[in-house]
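Quick heads-up: structures coming right below.
Next come two complexes, and both contain subunit A; in the first it sits with subunit B, in the second with subunit C.
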Partner chain A sequence: MVAFLSPLIEPGFFSNLPVQTALVVGGVVAVVSGIVGTFTVMRGQSFAGHSLADIGTAGGSAAFLLGISPLFGFVAMNLMAAGVMEWIGIRRPRGRDLATGIVLGAALGLAALFLYLDSTASSTTGATINVLFGSIFTLPSSMVPVIAIFSVVAAGIVLAMYRPLILSSISSDLATAQGVRVRLVGIGYLAALAVAVSLSAVTIGAILSTALLIGPAATALRLTNRPGRAAAFAAIIGVLATWLGVLLAYDSYYWFPSTGGWPVSFFVVTLIFVIYLASQIRFRARSGVQSRSTATEAA
Partner chain B sequence: MFSGLMLTAWESASIVAVVAGVVGFFIVLRGSAFAAHALPNGAFAGAAGASLIGVDAIAGLAVFSILGALTIAALGRRARHDVATALVIVVMLGLGSLFLSMTTEYAPEIYSLLFGEVLGVSSSELIPIAVIGVVAIAAVFLVYRPLMLSSVMPDVAEARGVGSTRMEVIFLVVVALTTTMAVPVVGALLIFSLLISPAAAARSFTNRPFTAMGLSVLIALGTVWSAIALAYLSNLPIGFFVGSIGALTYAAGRGWAGRQRNRGSTPRLGAPGRSAARAQST
Partner chain C sequence: MQGRAVNGSDEILAVDGVSVTLSGREILRDVTFHINAGEFTGLIGSNGAGKTTLMRVILGLLTPSAGTVRVESGSRGRSLIGYVPQRITLDPDMPLRARDLVGLGIDGQRFGLPLPSSMRRKQVDEMLDAVDATRFADSRVGNLSGGEQQRILIAHALISHPRLLLLDEPLANLDIGSEQEVVDLLARIARQQRIAVLISTHDMNPLLPVMDRIVYIANGRIATGTTAEVVTSESLTKLYGVHVDVIHVHDRILVVAGRREEALQHGGNESIVELV
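Showing the complex of A and B:
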């Protein structure tokens, strides 16, 4: 088995500490993103999910300026932003995107300011790129416990209000009729989303954060209609894509030594997108068969 | 403040503001805020790719933003629109990170593509910016009536033979053109503020489409002009001022609309069908 895999896995993959950290952290983040993301897709809040990754940049760069860990900056900024989005609170889906947009616009302005101050305060202009794109390979392994705690918080909030959340995500009218406090569930859900996105944006970068939140969940919801099963599928797809992406990125150091390898985010995003497209083809093929069979019945 | 380099900055930023005001009005009306964020952000990858193969940045921006617009429209037919948009933006950014890993571009140049460098616009770039801007506005007015109808009452539009998919494609391409001309001036992240905030504020002040569009252009111009002046005087990045002035004008608009409603003196007379559209989308 190992001999069979050896052409695929370049030497030192499993004994390399940054790779180990990347596999562990990437796996944890992918699971949390898959669970939270399933509800994000069901509720049509992809824009909020993506925005929080960008909004957190403002918090991350402010934390950089203050000399504290960017993760705390991200979480604080995102919880605040989620609060403001809810407070502007327009119930219609179109209006909700607008509220998200206004908060995003203001936060990006702040990010521009803080990043500018960061780059003038320290001569390392790499701060911008670090905060925006993050890198799974540069994580210190000391971050692992902190990441684990935040993951438990985000997944815990979702699981604690699992049934009312499903109900209010499917139909808020139905949920209200059943006595669910839809607004409270919405706020709790946004808080979980804020923590989950902060976590993923800091550890694996803003790009992968959105990719892992939306891609696997959207794929899973194509494969099954049951929320619980979809969340499990999403977590599995996310973990597989992340691990395979880390492996490919590691291998690419050997394939393209001149450019120093290709970035992890490119591989993971491409994998997620390909999996999504594949699920769509499968879906299309199946519905094609169905329509053909109904056609023959009619004939 | 008004000489040489700065004059080009004023001119290019004013062109961007006018186009953003007009296009932004429809973005707010259609609720396409996510697409308005995704296209500029993803097109940034195109600029990185263009610098890699040594082509003009505007070409890279145009190719990526138009491809992105078409992909969002294509995927959006079979999936939820926001999911399609999210997937497109991450794929484009993933490519962007690949391109960036291959270039030896300095971080400050990436920063300026993201957050804009009004002073970096040379006078030779003014002409393509102006031309693309005119094309975008002309496209909006060419399809003004069907676009308006499909934005406000998609069902009625469909019944009258205005395909909502076709309108969506046309509109996303207009947003892509706006992106192409605006990113070199105000940056990938802040064109978004300029598309959303002035138009959203204008809509709080009036319900008449043309008045709102005009007001949106005026607010966008005011935002950009004061942002340039403040950035020039304070030496802080322009993006910060665009973002915060945008949020403040929106807050002012909401405050004004709220006070009007509390007074209850003016019933909100909308463009015909506005209330129907509102009832539909709730």
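Showing the complex of A and C:
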């Protein structure tokens, strides 16, 4: 077994502390992104999810200036942005993109300023790279409990509101008539989304976090007709892509020793994309067979 | 506004003097009618007459500018009104089986993860059977046809044993055969389970055999009573404010405004010329 895996796993993989931290944090964050992302896709709020990641860069880069962990900056900024989006009118389907777009524009201005200040203050590009592309290998292990707590909060909110969330994604009138407080559910969900996006921003980066949030969920929605299973599949796909991505990034140190390793985010995002494409082919194949059989019936 | 017991043992819904103004426009004026248990009521009106608006007021989704709506209150905050919205689009991407949606009618408002229960499953199976939807129970709701989705939404609304069932244009997507089936199903359920059914439509004909009462909306006002009382030239002429003929052809009723020019002149709209 070990002999079989040895060409794949370079020496020292499992005994390396940053790798251990990366596997734990990456796994936990992938599970949260999968669960929350399934509802993001079901509710048609992918744009809000992506925007929160971009908005969060303002917080992440500000945190760098203050010398605290970018995670706190991301969470604070995203929760604030989610609050403003809700206030402007994300409830109304037509106000949704508008509210998101307005907040996004304002936050990106701030992000540009803070990232500029970061790069002049530290005279390296480290901060910018960390905020935009993640820092899974450089996360201090002291952050693990913090990440765990945020993860439990985000996934817990969504799982607690599981049924009202599904009902209100179907129709807010239908849900309200049945006694669901749709607005409250919407706010709770947005808060969970803000935290989930922050978590994936610090692991695979603000720019790429959408891939972890939406990709596995979009794939899972095609694999099953049941919402609970879709969330579970999304979590599993996310974890597999993240772990494999960490492994490949570690291995890549040995591919080009002179340049160092390739970014882990690249591998994670590429893997998610490949899995999505594979499901697309399967999905197409299935519908193709169906339409052919109806054609034969008609003939 | 809602929740207080309605006086009289059998009264489920009491709408009294309700007026609704939206964006400065008066949509409904002084609407009053009552519905009893087990009664099948048709809410008839052409496009834009205010049928959906009236249902939203009854549900408490919209606050009237005047008047009161009272719905008989039940025990322990159970959802007492079953509702099938108009033109609901079920996303084909939504990973939800028809039976899951029906099951959400039982406990969709609850927090926490649903626990599998054989009793719940049995209840869902029975409901699916009652609306003749067992065949596609395990299909994704978003992929079902309009008529199939309509049955699932009706099952969703009925499974919590409401006392009042509001259906907004439930016949809109159905062919004549399914139309009759759904009407018969609803009429049977209304009688058997003593549910008050209020069903909106722009065409009253499919409802004629089963309707106990009619609420006819036009010009923001209503006329109510039995079909024989309301659907007469005299009463509809008064409601529309222009001369209206009621024509019986075979077992169908056609409502026709006297002259188009006259109708438009009196501030009515063209739609009253169409068959209602």
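Assume the second predicted complex is superposed on the first by the 285 of 299 C-alpha atoms of A that agree within 3 Å, B and C clash if a C-alpha of one lies under 4 Å from a C-alpha of the other, contacts with A are read in each partner's own complex, and residues count from 1 in each chain.
Here is the rule we go by: contacts are C-beta pairs under 8 Å (C-beta built on N, C-alpha and C of every residue); 3 or more make two chains touch, one makes a residue touch a chain.
Note that the structure is predicted; figures quoted are calculated from it, not measured.
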item	value
Clash or fit, subunit B versus subunit C on superposed subunit A	fit
Partner chain in contact with A:Arg229 - subunit B first, subunit C second, else both or neither	second
Touching partner for A:Val41 - first (subunit B), second (subunit C), both, neither	both
Partner chain(s) touched by A:Tyr276 [first = subunit B, second = subunit C, both, neither]	first
Included angle at subunit A between vectors to subunit C and subunit B, based on C-alpha centres and rounded to the nearest 10 degrees	80
Subunit B versus subunit C as contact partner of A:Trp87, first or second or both or neither	neither
Winner by number of subunit A residues touched, once subunit B and subunit C are compared	B
First (subunit B), second (subunit C), both or neither touched by A:Ile214	first
Contacts of A:Tyr253 with subunit B and subunit C, given as first, second, both or neither	neither
Smallest distance from any CA atom of subunit C to any CA atom of subunit B, in Å, after fitting	8
Contact residues common to both interfaces of subunit A (with subunit B and with subunit C)	41, 44
Contact set on subunit B toward subunit A in their complex	28, 30-34, 36-37, 78-80, 82-83, 85-87, 89-91, 93-95, 97-98, 100-102, 106-108, 110-111, 114-115, 189-190, 192-193, 196-197, 200, 236-244, 246-247, 250, 254, 278, 281-282
Complex contact set, residues of subunit C against subunit A	56, 59, 61, 77, 79, 81, 83, 85, 88, 90-91, 93-97, 100-101, 104-105, 107-114, 138-140, 156, 160
Parts of subunit A lying in touch with subunit B, wherever the complex brings them together	41, 44-47, 49-51, 54, 88, 91-95, 97-98, 100-102, 104-113, 115-116, 119, 125-126, 128-129, 132-133, 205-208, 210-211, 213-215, 218, 259-263, 265-266, 268-270, 272-273, 276, 280, 283-284
Subunit C partner contacts - residues on subunit A that touch it in the complex	41-42, 44, 159-164, 166-167, 169-171, 173-180, 220-221, 224-230
